[in-house]
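Common to both upcoming complexes is subunit A, partnered first by subunit B, then by subunit C.
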Partner chain A sequence: MKSLAELEEIRKKTLEQISLRTNKDGLRIVVGMATCGIAAGARPVMTALLEELKKRNISNVSVTMTGCIGVCKLEPVIEVINPDGSKVTYVKMNAEKAVRVVAEHVVNGRVCTDLTIGASEVK
Partner chain B sequence: MQNIYRAHVLVCGGTGCTSSNSEKIMTELEAQLQANKLENEVKIVKTGCFGLCAEGPIVVVYPEGSMYTMVQIKDVKEIVEEHLLKGRIVKRLLAGDKEAEDITKSLDGVGFFTRQLRVALRNCGVINPEVIDEYIAFDGYKALAKVLTEMTPEQVVDTVKKSGLRGRGGGGFPTGLKWEFAAKQTADQKYVCCNADEGDPGAFMDRSVLEGDPHSLIEAMAIAGYAIGSNQGFVYVRAEYPIAVKRLQIAIEQAKEYGLLGKNIFGTGFDFDLEIRLGAGAFVCGEETALMTSIEGHRGEPRPRPPFPAVKGLWQKPTILNNVETYANIPVIFLKGAEWFASIGTEKSKGTKVFAVGGKINNTGLVEVPMGTTMREVVYDIGGGIPNGKKFKACQTGGPSGGCIPAEHLDTPIDYDSLIALGSMMGSGGLIVMDEDTCMVDMAKFFLEFTVDESCGKCPPCRIGTKRMLEILDRITAGKGQDGDLDKLELLAKNIKASALCGLGQTAPNPVLSMIRFFRSEYEAHIKDKKCPAGVCKSMMQYVISAEKCKSCNICAKQCPVNAIKGEKKVPYVINQEKCIKCGVCMEKCPFKAIFKNV
Partner chain C sequence: MRDLSLHLMDILQNSITAKASKIEVKISADQVSDDIIFTVSDNGTGMDEDFLKQVTSPFTTTRTTRKIGLGVPLFKEAAELAGGTFEIYSAKNQGTTVKATFKISHLDRLPLGDITETMVGVILSKPETQWVLQLSNKKDEFSFDSYEVIDKLGGVPITEYEVITWVKEYIDEGIKFIFGGVLHEIIS
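Let's turn to the complex of A and B:
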């Protein structure tokens, strides 16, 4: 170790990897992964979310799983939860839609209104 | 690029949890993750001690922060399949109130943790101690960088002085002053030593820091080296701590690889190297002069002071010697400032103190609280009180060098000076809680047996004096106490305190003195009435079967190892007191609670 810059670089890089343990105020994305969700393809959705977050170097968003929310016919379901507890529920997800949610909702703060549970009811 | 995981599973790898199978839990976890194809999504992290040893093995799952306690190998499958696969927290394994409805119950919500302030233990149970990058991520080695590039050695000493940090190993000497003495010496070679020879029965905070956060010690010792002008450090740790030694070795190697130990650190021209010296586990080697004698390769025996180590220490060179917990506070002082540190605690005792809480208490484990916290808060609010609804009698601080604090002083704020005023001392932070079933004569005898065993034998007051004191206590507990025994004990104690060579001898009589001071009537009951009120001293109690409650079931007679119990159907059983060895098995096994102690 010859410089402070090197130390700082290791610090930042590792912090990203372990931010999961310290992050208390970022967004939380919950993926429904009960039998119904998995059967409808929740796993590729989650993998896509993780990869997109990684690609964009976003470390303050955690991705977790949950059980069946109860609307099995709309699976895969994901919910984006704000630190204040308010949330947006997206339904009938797939990998492409997941990438869109990260790009539009997580990064730019614009809810993808056409993918929400409300939108699906109108149809 | 390394993989980003969506969940981290932290498994405690401290000595406590390791002895209750946490290694096997980790192996099972790996197998279950693979079986469910989660190995690329979930990361397993081996950490240091969380502090809640009574509830171990402990597993924490992030991002939720769910803390699972008393996890068994068969529970692992459920954690993986329920929590990690389906996101359903396994409620029955959660810490604290297992029936809690709150499914998001996390580490921060457990009462045991909410009242603590973790400074020395800041990284224990948070990082993987075998990965230097994780320490760096939590601002590790930043303090060393700041010290080497922005501060002069005088400023470093000044900062430590201003923080008000005092030695956490026993004596409570101001750390900054110690460093200043050594810094002012001129010599061709100086040394920085760490005392990790934690010998007090029941104390294990130093072990936990070594196991959970070894890099903080390395960083602090390098800072100390810069402050006093030394380029060589030694960590003296007992070989009885194999996990701690292994992790420290790994940490030193990683630090060397990164150039954080060795030549020209951060390109500043400052060199510092660190070596481990293993001790054989003698209590006396925790005394600073004996410790240094042992590092030099001689038999660990103390020598008179002065000269103090800061003037003539290791190989006659100026040396500073601090305890592990003291060092663990150093990096934080430089990161957050001396003023921040000095704002915690009481007027003369700054910062926090770690206590290893054991004995008759629900939450056995490690607790870190600001100085000035009362004993009641530690025992009841954090420690969870006394098991089985028993009454608190006293707690022993400072191990075999300290004294007891009885119930009437439970509200005393804990700091160096208030404990000394009570005839005890902070010591290294062992806290042994005693309930109403503890005999204070027996307890004093226990500590004295320890010091007699561990006396190095160099000076007569300690070698012979403590032995004579033990003989008197033996006599008292055997029901053969004589009038004047207490005076003799006090006189012997006074003389040993005044004339023993080292700190350990001088403080060896403390437990006896303190227990006589607060529980004199109990001692007098042993001597005059030949009674042990707590029913512990075997010569003064009998196990008796109640004729009314006995159902003649024969269970006690079958269990008795010396066939001392006889009886027939429909006739109450009787214990032959001459044969009885007072092991207590009959009382434990009696299904009708018909057997009791007669004191």
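Let's turn to the complex of A and C:
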């Protein structure tokens, strides 16, 4: 069985790494997690975002949940919000697309235009 | 909703919206009475009597985008379809408690699903909230308290990857230990 005592080890190990990081404002990713989002599969999207960010060691991007954004038919919806407040809304997400958004948008700064809400309206 | 953990996430979202600072989840299974009981209690803003009366209606919601709210009614339906019951208690400024009971062996009972993923998801999303998870099967108990973890961490955020991995494994072990063999979908 795991015990709380193991946390002491983790604390020692991670404390040094944390102090090295700069905490400048980065992107904010918001995942729609109301009934509509969860039923459409928002939880695996959120998990994929978090895991991909950790895999790439990106620490200045926060991932949070929000309620219903208002376009239930396009769920799961995520919003990538820049520090200046402008945002990109991605719709009909899944875990693979979430990984792509991290790789292309978050890391390389290229918006995945084919996944945005604008692209879904054209179809 | 495909499983109970997704319903749980939906209900927890309500507690977050109600600005709760402490949210407790209790799941207890009893093989003898064939019941599994989900209880979610929060200390959020609560509801007044009028709102409480109609909260299980799909046409009741606090949101402003439209007049439909399905979280609570769907959870109620899932319980009642599985031979169970659904109760909700609340008082303005005192918090809310949601209690759903399911018959474990009922054909229409949804599987438990990934409770760990739900808990880790809400912790990562609102690490400042005190998250408590208690599991029981009448014989044994398991409990997790995010504030206990934070206390032990002394300055390391609970959202750190190593910590969250530990939390995941810890809760997974608890679920296996408590519900393994009790719920047929969990192998002991």
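We adopt the following convention: the second predicted complex is superposed on the first by the 99 of 123 C-alpha atoms of A that agree within 3 Å, B and C clash if a C-alpha of one lies under 4 Å from a C-alpha of the other, contacts with A are read in each partner's own complex, and residues count from 1 in each chain.
Just so it is clear, contacts are C-beta pairs under 8 Å (C-beta built on N, C-alpha and C of every residue); 3 or more make two chains touch, one makes a residue touch a chain.
The shown structure was predicted, so the numbers you read here are calculated from the model rather than taken from an experiment.
Contacts of A:A39 after superposition on the shared chain: subunit C is touched, whereas subunit B is not.
Of the two partner chains, subunit B is the only one that A:R28 touches; subunit C does not reach it.
In the superposition on chain A, A:G70 makes contact with subunit C only, not with subunit B. Within the superposed three-chain model, A:E16 lies in touch with subunit B and out of touch with subunit C [touch as defined at top]. Of the two partner chains, both subunit B and subunit C are touched by A:K54. Touched by subunit B in one complex and by subunit C in the other are residues 1-2, 4, 7, 10-11, 13-15, 18, 33-34, 46, 50, 54, 63-65, 67 of subunit A. Within the complex formed with subunit B, the subunit A residues making contact are 1-4, 7, 10-11, 13-18, 20-21, 23, 28, 30-31, 33-34, 46, 50, 53-54, 59, 62-67. Those residues of subunit A that touch subunit C in the complex are listed here as 1-2, 4, 6-8, 10-11, 13-15, 18, 33-36, 38-39, 43, 46-47, 50, 54, 63-65, 67-70. Within the complex formed with subunit A, the subunit B residues making contact are 1-2, 4-8, 10, 41, 62-64, 84-88, 126-127, 133-134, 136-142, 145, 149, 258-260, 264-267.
Of all the residues in subunit C, the ones that touch subunit A in their complex are 1, 6, 9-10, 13, 16-17, 63, 65-66, 69-71, 74, 117-118, 121-122, 124-126, 148-149, 152-157, 160-163, 166, 169-170, 173, 177.
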